[in-house]
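Below you'll find the structures, each written out as structure tokens.
Two complexes are shown next, each including chain A; its partner changes from chain B in the first to chain C in the second.
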Partner chain A sequence: MKKLGFTVFLLVLSMVFVTYVFSAGQAEAKREIPDKLVIGSLEPLTGAHAVFGSEAKLGTEIAVRHINEAGGIKSLGGVKLEVAAEDCGENADTAKLGAESLISKHKPIAIVGLYISRLTVAASEVTEREKVILMVDALVDSVTEMGRRYLFRPGPKASQHGKSAVEFVLGASKKSGTNIQRVAILNEDSAFGRSNAMGATESAITNGLTIVYQREYPYDISDVSSIINDIAAAKPDFVVHCPYFMDAILFANTFKESGKIPKFISGMGACGYTDPESINALGTTAEYYSNTFSYNPAKDTAQNRKFVEDFRKETGHIPTEAGGMDYYITWTLKEALELSGRLFPDDPLNPDNIRKAFLQLDLQSGPAVDTFPTNRITFTETGDNPHARAVILQVINGEPKVVWPFDTAETTAVFPRPDTTY
Partner chain B sequence: MIGSQPRPESSQGGVVQAVIQNIINGTMMGCIYALITLGLSLIFGVMNIVNFAHGDFVMISMYFTFWASSLWAIETVATPLITFPFLFLFGILTYYLIIHKTLREKYVIQIAITVGLMTFLRAVAQLLWKASPRAISYSIVQGTFVIGNYTIMMSRFTSAVVSVAVIYLFSLFLNHTWQGRAIRAASDDLDAASLMGISYKWTYALAFGLGTAITAIAGGMLMTFQQVDPTMGLRFGLLSFCILALAGLGTTLGIIISGVIVGIAESLAMGMWDPRASSLVVYMIFILVLWLKPRGLFGRK
Partner chain C sequence: MQNLQTMKQKRSIPYTAIVLFIIALVLPILFRRSQYNLILLTTVVMYGVLATSWNIIGGMAGQFDLAAGAYLGLGAFTSGTLLIRWDITPWLGMPAGGLIAIGFAVLIGYPLFRFRVREVWYALSSAALVSVLRVAFLMWEEVGGPTERYIPYHDWSFYHLRFSSYIPFYYIMLILLVIALFINHWLSRRKLGYYLLALGDNEDAAEILGVNAQACKLKALMIYAFIGGMVGGLYACLYGFIHPKFFSNTMSLEVAILGIVGGMGITYGPLLAAAILVSMREFLRASLGGQMQSLYLGIYSFVLIIIVLFKPQGLGALLRDIYSRLNYIFRKESPKP
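What follows is the complex of A and B.
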């Protein structure tokens, strides 16, 4: 009996030893780089937000094509990237399911998406649990305030958009010698609209403006005559408005039909007024409207011109906010992977190592910066880029033109509106 | 801070003026809502089928209006001349292919079928026109006229007048034509109507076709000042359910009055309280009416 017990003891000991040696050997071996790295594109491809999602996906696809043409991830032996796309639908459940499906089927190294902030928040629960890097193109401030470790946002947040919308009007009024003192702030009532409005409100107060009217409204509103009448009664010099795409058309048409047009209507949040679809739907009514943009389609760099040309070939128009953002986001991810390859050659694809690479990243040149609104990309612990800033596009002669910041403007802003009625 | 600002009009006169302006705006929108509800009322009243896809018929009509107006350069208010017959045929086809087979089924089957139709129409719209909003940049009825201190938008005014006129003409059709009487008879007592020689199959198809075709006029009028996107049908669908519950079945005047009540409630909530409260007020009325007068304020059955 004693002999049998000793034999069992020896067997267990040898098993433990073999297991230890095997696992230690594995840990010490250099992690193999796969033949290709999958980048997930998780965007709303159906439903009300599909208009943004399909162009965002295209931005990622073009970026991946350009990265592969340029030799892939060089620090990882020139490994090529591949896009796997999934529809995140219209609600939190479909967003989570989309993230789970993408991760289980394709094992992506990172996911780019989901443009709509509430969907981003939902999907980030999955990416965080699975330790997958999430590169977000959603604007709401709180997206980066939830303590997510694997979430990064190179672009400007919503409150920066709101701030930019006010600062642009103040700058343009100073240049044109127009007296601007009274502002009306209007936004659709989601977290996105509210984040934009908070930025605008803060900027208006900081700059000593008087807020004479402030309202939130549901974006599926069917008649805005009451709001336009109230705005006119408050007599603001300009209106700062964060619409949600469809409602921008209703507002622009009602402003025009009512004949109650302030000195300027400055959009914020990049939805509506200046994107190609809105210009198409509004026709000449879109003229002189402006909106903030997280991407500068007029940035005069070879990389940006190449992207604009390729995007135009596929869609017939210049890149939208979503398309442009996903382009530089994907390039930023590429740079982080490059850095991770250099810093952690033994385990460059470990999500914790990629996170460390993101935090050490300081891009001041290269394709990501060449297509970025400002000239620097770094990341804070929360995943935000402190150097991000929005640009302003204004519709002039039917074309969206970059008019702010003034030093990099494509053309001079038309300010005040020539058709102002009060 | 957001949404808590005082109203711009501080004087009592200013508030009264704002209330009246909102009542005018709400009345005009209410008439258009009433026209949309007329189609739903016809289908529900005659066939006892709750058509959840009704709002999406409005959405499809708006897209057809957009097509007719932008492809063939037809003035928006004239597009129903083309879209009305088209939607009528579409309604007849929908009836024979889908609805007719569910007449003897349980309510839950009928609901599933019309909800499925709603999803299908939405998907078709997204496929054909993508998710982008479409709008008509010019219509001859755009502009304003002023009466005293009140501004009236031509597009809403024209739409309201056309809506009331169509409802009136429809009422004449129901009361003074053989087909109209057949629809009413089938609605009141299908067995007795069948014994009198009325083909229930054709009468039902006609009612469904007309109920669908009416959305062509509503869609045409809405496009003079609104945009369309694939998801907007739900809102019109819910609003028309609400107005129908308020009006009750079998009354065209009741539909107009109920539409105007909903339009004014929505406009006053939006203008005098908070734009976010407009749906709250409308659905509060809906719940109150269902609770206090389940047959509606003007219903005859």
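What follows is the complex of A and C.
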């Protein structure tokens, strides 16, 4: 009898546990929102990438607010959007769990996320199986090379960032009459860093530059003095560097301490040097550093000014890469839904119809383009936007200013660095 | 009298285990409509396997091992690489990963145990293995490198171990769990198990009594590493890619925490801890993670602190106490001290 008692006890305990674990999921799964379309925001809100994920989520939230204020999706009878946000954590398992959880509980029409490529890859298996549109804000080139049908990336990919960084330096050197021939390429050793460096390398070779130094390093590196010494020994005219956050601070401080500063140091990939957190951390050391951005905070349009103002109200600073990108990504999604509503009035929310709408989309005006670095958004079969291009921000007097492309620049780039030592 | 009760309770375990196993078999059928619930179940079972195997080296032998991520990563890369490069089925890749993990376990375990590296020094050395492997695989371009390597997608392929549903993954993980639990249970009744428990209790005293500490600990480490490697092979197929980030110190620490909080040396303790803590963490993440960032981690940490403060013997011991007290209330039997 005793063994039966213990078994019954364990049985009851198991049932209580199962009910506890699945009660939230079951209850949420029944929720239907017939008058609202749910947009999932799945970003890293904890861990090393939380600083980017939090602002990406805010970008989506502000965009949804603006879309709703503007009347929602008009071709769908003015249906309003609603954001359901979840934390995708730092690992593949939490990313996949997050995607499953969002889809299971909220049945989103699309998910915006996940900023980090390997998390995006993990979650994209889920979105693909469930036929949920995944609007990607991760930059690594390979994300759109996996044959995913429901994945779209309006922003520039990492290699385009690397290319833009080199093209900017070449353009600025021509304008200032500075002779630039030798380049050092540096990147942290993730897929993100490498994709950026590939773009920079290709552009350097195409433009006839000599690559005198190239190095990958782990982003959690603790001492970069030997790298700085090696760079100085190679005597490059400029350095193109793809850091994350802390390593950018380390490099900038070590460049300053060593007194070995090339004519220019250009970041690529939007992390480090010119974002508000980095400027705060570096103080005056951040001066003259530049980086590539997938979003142009200085674009002179009413929509962009409105977004910058709203973002600043919430955070105290201008939109970052992640925030800006998710803002125009969400507007692009809205335009695709509008088009799907017009093209397929009988079944506009069918994921295959939304995909067709994305492929037919050709945006050359409107809020998405008003906040986009270039003036056109279309999509290839792989989900990339062939018209995407990065802009360059440079820290001038403690403020990040858009200095490239020159025709839409906010101010003139300071080039070469006034504090160059060789 | 107390020994008699323990023996009777021990005999009742297989009967209880069968009932729990039947429940575990039925769960995916009950929750088949929600892929989220299925992957959550699979994840809970996966952490259960890792924590249960950790119990052999950590709970029984008393070695605070922090290398679960290393063995999982080795298994993932072995199985994943065999599949991606030569289309070799993960059914072979998983045991191959387990064997590679054993190789590395011997490589690190032999010198550590030979030179009597213990306690915090052993923990640091095992954690270092994870970091070293992560960096090595990042630099080893032919197999690793910084870019993800994708495992070809198949809707439903037993050969490639790729499915559009989590149900097969759950059942395979469940088999690994049963194996891990069985090994724990079997060891606890064998000479090696008694030696490991003695070593975990007081290594010097056990050695004076003639226990070969080096050999026993190495055997425990090899069993643990093999199971970790097998799980790694399945992990790669479950997530569809391999990446050096799989060599994760965070995951290693989490496995050790589950082993400790579950109750050192209690066979079902780590599984109980995985079931409660992993599902609670996920429940909190899904409920609070999007709105109040990081709050769920704070609550999770708070729960861990409470458990460690008020029941340092672990959740397994707590379950045993609750059962004894209920027995006392309903049958008026004296609760075990």
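Remarks
Definition applied: the second predicted complex is superposed on the first by the 389 of 422 C-alpha atoms of A that agree within 3 Å, B and C clash if a C-alpha of one lies under 4 Å from a C-alpha of the other, contacts with A are read in each partner's own complex, and residues count from 1 in each chain.
Assume a residue touches a chain if its C-beta (ideal position, glycine included) is under 8 Å from a C-beta of that chain, and two chains touch if they have at least 3 such contacts.
These figures come from a predicted structure and were not determined experimentally.
In the superposition on chain A, A:S41 contacts chain C only, with no contact to chain B.
Of the two partner chains placed by the overlay, chain B and chain C both lie in contact with A:A50. When both complexes are overlaid on chain A, the residue A:S266 reaches neither chain B nor chain C.
Of the two partner chains, neither chain B nor chain C is touched by A:Q160.
By the touch criterion stated above, A:R194 is placed in contact with chain B and with chain C alike.
Once the two complexes are laid over each other on the shared chain, residue contacts for A:P218 go to chain B and to chain C alike.
After overlaying the two complexes on the shared chain, residue contacts for A:L250 are found with chain B alone; chain C is out of touch. In the superposition on chain A, A:N229 makes contact with chain B only, while chain C stays out of contact range. By the touch criterion defined above, A:T274 lies against neither chain B nor chain C after alignment on the C-alpha atoms of chain A.
According to the touch criterion, the shared surface of chain A, contacted by chain B in one complex and chain C in the other, consists of residues 46, 50, 54, 189, 194, 216, 218.
Those residues of chain B that touch chain A in the shared complex are 1-5, 7-9, 14, 18, 21-22, 25, 29, 126, 130-135, 137-138, 142-144, 151, 153-156, 225-227, 229-232, 235-236, 266-267, 270-271, 274-276, 278-279.
Contact residues on chain A toward chain B in their complex (touch as defined above): 46-51, 54, 185, 187, 189, 194, 197-198, 201, 211-218, 220-223, 225-227, 229-230, 233-235, 245-246, 249-250, 253-254, 256-260, 277-278, 280-285.
Here chain A touches chain C in the complex through residues 2-3, 5-7, 9-11, 13-14, 17-18, 20-22, 24-26, 29, 41, 45-46, 50, 54, 57, 84-87, 89-94, 96-98, 100-101, 103-105, 117-118, 121-122, 125-126, 128-130, 140, 142, 146, 189-191, 193-194, 216, 218, going by the rule given at the top.
On chain C, the positions that touch chain A within their shared complex are 8-9, 11-12, 15-16, 19-20, 23, 27, 31, 33-37, 39-40, 43, 135, 138, 146-148, 150, 153, 164, 235, 239-241, 243, 245-246, 248, 250-251, 275-276, 279, 282-283, 285-287, 289-291, 293-294, 296-297, 319, 323, 326-327, 330-331.
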